[in-house]
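Please see the structure below; I have some questions.
Labels A, B, C, D, E and F are assigned to the chains in the order they are written; within every chain, residues are numbered from 1.
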Amino acid sequence: MKLIKAIIKPFKLEEVKDALAEIGVEGMTVSEVKGFGRQKGHTEIYRGSEYTVDFLPKIKLEIVVDDDELDKILDAIVNSAQTGKIGDGKLFVIPVEQSVRIRTGEQGKEAL
Amino acid sequence: MKLHIRKSLSNRHSLWKLLLLASSLFIFSSASLWSQDNASAASEPSAPVETYGSFKESEGYATFATDNLWILLAAFLVFIMHLGFATLESGLCQKKNTVNILFKNCFIISMGVISYYAIGFNTHYPGDFNGFFKLGGPLTDAFTDSVNDDGLTHSFANLTSEYADYTYWSDFLFQAMFAATAATIVSGAVAERVKLSAFLVHATALVAIGYTVAGSWHWGGGFLTTLGDALDADGNVIAAAALEAGAEADSYSNAFYDFAGSTVVHAFGGFAALAFVMVLGPRKGKYTESGIKPIVGHSMPLAAIGVFLLFLGWFGFNGGSVLSADSELISRVCVTTALAACAGALASMLVSTLVIKKPDLSMALNGFLAGLVGITAGADAISPAMSIVTGAISGAIVVFSIIAFDKAKIDDPVGAISVHGICGIWGTLAVAFFGGASLTGQIIGIVCVSLFAFVFSYALALILKSTIGVRVSEDEEERGLDISEHGQEAYSS
Amino acid sequence: MKLHIRKSLSNRHSLWKLLLLASSLFIFSSASLWSQDNASAASEPSAPVETYGSFKESEGYATFATDNLWILLAAFLVFIMHLGFATLESGLCQKKNTVNILFKNCFIISMGVISYYAIGFNTHYPGDFNGFFKLGGPLTDAFTDSVNDDGLTHSFANLTSEYADYTYWSDFLFQAMFAATAATIVSGAVAERVKLSAFLVHATALVAIGYTVAGSWHWGGGFLTTLGDALDADGNVIAAAALEAGAEADSYSNAFYDFAGSTVVHAFGGFAALAFVMVLGPRKGKYTESGIKPIVGHSMPLAAIGVFLLFLGWFGFNGGSVLSADSELISRVCVTTALAACAGALASMLVSTLVIKKPDLSMALNGFLAGLVGITAGADAISPAMSIVTGAISGAIVVFSIIAFDKAKIDDPVGAISVHGICGIWGTLAVAFFGGASLTGQIIGIVCVSLFAFVFSYALALILKSTIGVRVSEDEEERGLDISEHGQEAYSS
Amino acid sequence: MKLHIRKSLSNRHSLWKLLLLASSLFIFSSASLWSQDNASAASEPSAPVETYGSFKESEGYATFATDNLWILLAAFLVFIMHLGFATLESGLCQKKNTVNILFKNCFIISMGVISYYAIGFNTHYPGDFNGFFKLGGPLTDAFTDSVNDDGLTHSFANLTSEYADYTYWSDFLFQAMFAATAATIVSGAVAERVKLSAFLVHATALVAIGYTVAGSWHWGGGFLTTLGDALDADGNVIAAAALEAGAEADSYSNAFYDFAGSTVVHAFGGFAALAFVMVLGPRKGKYTESGIKPIVGHSMPLAAIGVFLLFLGWFGFNGGSVLSADSELISRVCVTTALAACAGALASMLVSTLVIKKPDLSMALNGFLAGLVGITAGADAISPAMSIVTGAISGAIVVFSIIAFDKAKIDDPVGAISVHGICGIWGTLAVAFFGGASLTGQIIGIVCVSLFAFVFSYALALILKSTIGVRVSEDEEERGLDISEHGQEAYSS
Amino acid sequence: MKLIKAIIKPFKLEEVKDALAEIGVEGMTVSEVKGFGRQKGHTEIYRGSEYTVDFLPKIKLEIVVDDDELDKILDAIVNSAQTGKIGDGKLFVIPVEQSVRIRTGEQGKEAL
Amino acid sequence: MKLIKAIIKPFKLEEVKDALAEIGVEGMTVSEVKGFGRQKGHTEIYRGSEYTVDFLPKIKLEIVVDDDELDKILDAIVNSAQTGKIGDGKLFVIPVEQSVRIRTGEQGKEAL
């Protein structure tokens, strides 16, 4: 099993979710994060003083998937999240050793 | 003009000196360019009334009742300014200090009203004093006697036009609400790092003593009132004795004119704030080696609610300072107040767009207040057209002033020093430029009051610093005063 | 005193009994220690006027117009209390129940006004009843007839001082805004777990029937009014017939005195809340084996806005209860109101700092309200100095009361039972201690009204419980009423 | 009826045409079914007064002072509506556009007041024009002259009952606050995607020219006023000359009746909003292939605060439109206003529960406003009972209207088009159904004003679109106007 | 060392924390997340238009534990977080190669 | 590639970000979290009742780095985030198997 961490642009969430649902992904966990990267932040101003906001709002998806499904899912995310403009985000794949469904205690693939 | 002196005269055994002062004041006010006394004249029946009941049936009562109602309504409007201050200050500060700010504002209004009862009113309008200082006692006799109005001792005069165009009680309520604003001004400037206990002591002394003493100089018959010496046609001062004997004045020298308190309330509060801020130092992390790091306010809607409520309340602040519901005066004062506020906001919007290159909301909000503070001294004396100019200049000044204080590392989270202090000065000067007041008189008034406020507040802050301390620890500042001082958070889910 | 009885007499064919009651009331009120009747006396012209037009040209009109304006303004101020309640309650509850709370408050004010039109006004001030109960009908005739004031049937008396110091319409509006507050008090106490439908039914019955019936006992000429039997010099009750024949009373026994409703509105609401809370049970997770788990309010700025608006509105609540703009009375009432509120807040701050060891903002906020509720019964009868004492005691009581109810596992998210119920009782007793009212009379009034409110509300809640249910499911409570009852969230990004 | 025409007549050299119009108006108003002129009649002393001072001592002054006070208070209440609009609009939009919304609202009130001074007042109430169009100049002479009331040129008539029941200044202030509301209505409808600069230009033109020109048709003595031709007993129009010669009218044809502006203010604003929205297009992502995607408002408490403040302010909006403190009229108007608002809310709650199956808070909030807009045209003419019906229908309409506009892909974040446009029409028609106005007259008025507003706004928006552009870029819309237009965020931690 | 990522129902946080504290877990990091899974969201309504909220509020716990403790801790979480109703959440176990206590620079087990 | 999860004190974010930028880290993802650890929470009070707040606000940084850079980056974080007082936080290093830049589809090191 793998954990896919996907950092995407906030307004793409709906689209990505739909794309994933379509190919059968049934679970994911989402958080609001701030990203720092090549996409530069902007200058804000407050009571006459300027300051730079380096961090931009992003959405982080965490999806644990079966190894077989990995590539399909990565593709789906890339396709649905891409705008081609800087700041589109990243995908990171991390090994998962075990997973448990709390409700039933089921483990492994069954738990996803 | 706040002719509170009338009260002092009718209520107390006045000494010679005061009588003289009063008679010169009387003449002065009759001939005054900005005479606001028509109302009282009309509503003061010539034949003395015997009881409150018969007063109510007298001709003048209907007008008196309207006047009195307006003063009460004005008091309510000034009261709502305290909510305005509380929300504006909260909005412009960080989330983690919100409980602290709200608590301070709750304290200020309650302490303000109670202390004004206990000591402030009689300090503010002392019956007999040296023109500089008298500490008043609590309100007692006349204030509470009249509870039973049938039989017993009943100082009914305080309830009729023999006292003023409103009852003693309305007078108290309006002035009490007014008084508490001085401390509120300071509250915003010292926010986010001041120690709660130190602030409470400072605010109490400032409202109960500092403000009322300074206020007595102008509105309580003190030395600023007497600045306006009577002059004869050749410009020589007419001796008091001659005035008494009936000599008529041709003009008046250097009268200090401050209608509703650009200096006496706002510059007072602003300079008291400046002093406290200087003792206190800036918030941690504001001025770094790499420049000014803005500490952004946590809620612009709260700030905007605050400013609109302050604008609303100002109709009572200025309009109520007419001290009657005189149709001409209150209407005009409300118009100049509104025009100056709106012009101030437009000017701030424009200037901040030009200077900062962005239409800055927080500057627009300060612009309203700048316009309001600016017109406060001359709301009755400056024409509507000139009130637009006064307000616009004020709105422009405030933008530069806020930026300048920031450059000088005077850290004022809400801009109180600029809005109240600097625009208060400007407003007082504006009466000389656009309202016919004496420039010298205005400058004397500004200097005396502002200096006093600064010194009083500075000394107080220093004493507090060397005793209980004025500033929370670095760690407390970081965690926020809400947790460190109150063990409470302002927001939760 | 709310001498609404005058209306009943002039508008309706009154029976013997009522006439007697009225005449004794008349004498009572003339000699009353706290006579507030000067205003009406003065503004009631002796010669009857024929049309509204001629009334407007009569001497008394100017005062009438001011009186009427004040009652309207007071109605607006009481209206704004509903926003105060809505924001205070929202602020002190959790985020996830905010839509529900706002919806309830929107319902209360709209249902309150409409039901007061449909049934409340005539129940509250019944023309002829047994002193205990009469269900009124909708306002019709006099209320709507006068739309056309030239020709047609026109009950112009309702628009002139023959009716009161204000028009029938102003009367309605002020009383309607007033009435709706009773249900609002309950709203806060049952928040976060009450089923919307059950609450709406309960609130409607409470405002339309419960409050107006209890109110009629005191303000509508009911049995609480007659508690004040006329006594002769030897302390014996003077027979009604003798009174009628002109006998003069020397004193009055056990008169129940509640100026603006510490008992009739606030204790009523507080005890109705207590009953409903007892049927409903505490919020899930509040009282656990390991002790009380506070459920923290989600926004202190909202709560503070609420309290300041309530304070503001109280000037209308108490000041409007003078039922005229009588300069002496409204000024004094506003002063005692403000002093008590401020003293209450200071006392709460002090007590909570001493007892809880922290300056607790939510207690300070409740302290204002405690002081306000405390002075409501005697705002016109208690001297300014004693109003400070009354308010301060109220502010201290509320801290202990809130802690005590929590210990007793009576879960009241906003402290409504303490603020309105307990401080309502204290305020009513305070008139006996500081305002010269009869202690017996006060106790009788408190017991009758509070008990009635409790029983009425308890019975209603039980019926609702066994029919539509009063409480949402555990799951719904957990997800929050916003989603489960309304399918809406209060905040989003 | 806003008989501002009186001002024009007494102040300016009027041409023949206007005199005729005025005299017919005079007769019309004397016989009017909804005559509201008693107040002015009573307070206009027959003998001319010479100075303001002597006016103050005249009999009518007491009433005048009360009238004037009320108009000022009404102006304050209308002012507070601007805070209501600002918070309602903020609450119903997304977090990321909050600074922008607040900024727009700050601009509207300040620009509104200043432009009304500079051009609006004299366009709105032109002394002499063709009934359709006259662009006014700034207020000068009479407005500022009277600053010095002793000696110098002093147009004291403007301060006395010779002008109206209030001073020229109060008149200005009330009307200025009123005027700015038209642009505020638009602000909500175009929120979240309109370019700041384009909005500012549009709002300025709308308030300074569009609204005042359309307003002059009805309240400034324009052609809508003359719709009410005098008819003889047989229904024939009486020639102007005959009227002049003393012929008495039996009835009037097609008079357009709009008491406080259901059409002249609200429908005007609503249709101006519709036009701008049509040029602008919907927010990105609102209407997708898979249907309507609601864009949820970010703070329901802010929205609720807004609605309660608007309700409060409406007492001034409608009550102040009586243009005096006439006890009968202001009381009745405030009652019908409150009843309609409450009925509107109840109806919206009911309908949304039935139609949408959920008690929808945002609909309840809109229901209050719908009721208020609905009663605005006939607040003085519709009986209390019928005001409940009027309000309830309005509250039901608004739910369907909001849903219908959404279906039609007219994207209006706050429902302004429905609340002000559609309910404004309904309210104007309601006066025909329940208040005795001419249905034809109402329809003519509605069509003229709404069409003008639509065309004016549409043309303006088109011009702006082809010049500076009316809409921010997609990217800016996505990041929010706060950052893209102002470089500021509304909330931070 | 392992990183346990536990997605649980928000109101279970207190209980889970207490259960973990009891068996000696001394550190954890918590975030508010939104979950998408079998437990369906709900329909909300806004100004007359319905829309589905697919994401439900969840709490994510991140706990780095020594390998020995893993099972005990997994059990403790399952036991305390379980309601038996859909949406109870998941546990994912991910390998951790290194850990450092910033304050002291301690590494590995010591750092936990 | 490794994923560094760093839990730090909120007010240190700026400093850490600057330190990382200095040594060439070009991307990171930040979230607000609550931490439970040895640093004890505080007692709060609400309407007369005390309660303990166990969770303290922390910032979580997630940075995916090339293996070569790992130590340098860990050092930089430790140095800039350290105050020496309890609660300074932790660093956890987790293996990353794959990474993708959504915008371009680039993989591995190129994607960082």
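Throughout what follows, contacts are C-beta pairs under 8 Å (C-beta built on N, C-alpha and C of every residue); 3 or more make two chains touch, one makes a residue touch a chain.
Source: prediction; values computed, not measured.
Peer 1: From chain A, how many touching-chain steps at minimum until you land on chain C?
Peer 2: 2
Peer 1: What is the graph distance from chain D to chain F, where chains are linked when they touch?
Peer 2: Contact-graph shortest path, chain D to chain F, evaluates to 2.
Peer 1: Can you check which chain pair, A-D or A-F, has more C-beta pairs in contact?
Peer 2: Per the contact counts, A-F leads.
Peer 1: Between chain A and chain B, what is the separation of their C-alpha centroids in Å?
Peer 2: Centre-to-centre distance between chain A and chain B: 56 Å.
Peer 1: I'd like the Å distance between the centres of chain A and chain E, where a centre is the mean of that chain's Cα atoms.
Peer 2: Averaging C-alpha atoms per chain gives centres 18 Å apart.
Peer 1: At least two other chains touched by the same residue of chain D: list those residues.
Peer 2: 62-63, 66, 69, 73, 296-297, 299, 305, 358, 360, 362, 486-489
Peer 1: Using the touch definition from the top, which residues of chain F touch two or more other chains?
Peer 2: Each of 31, 44-46, 94-95 in chain F touches at least two other chains.
Peer 1: Can you name every chain pair that touches?
Peer 2: Pairs flagged as touching, ordered by label: A-B, A-D, A-E, A-F, B-C, B-D, B-F, C-D, C-E, C-F, D-E, E-F.
Peer 1: Spell out the part of chain F that touches chain B in their complex, as residue ranges.
Peer 2: 11, 42-46
Peer 1: Where on chain E is chain F touching in the complex?
Peer 2: Residues in contact with chain F: 1, 3, 17, 26-31, 62, 64, 94-103, 105, 111-112.
Peer 1: Which stretch or stretches of chain B touch chain F in the complex?
Peer 2: Listed in rising order, the residues of chain B that touch chain F are 285, 478, 483, 486-489.
Peer 1: Can you list the residues on chain F that touch chain C in the complex?
Peer 2: Touching chain C: residues 44-51 of chain F.
Peer 1: Which residues of chain C touch chain D once you look at their complex with the stated criterion?
Peer 2: Of all residues in chain C, those touching chain D are 52-53, 56-57, 61-66, 68-69, 72-73, 75-76, 79-80, 82-83, 86-87, 90, 98-99, 102-103, 105-107, 109-114, 117, 139-140, 143-144, 146-150, 159, 166-170, 172-173, 176, 196, 299, 302, 305, 485-493.
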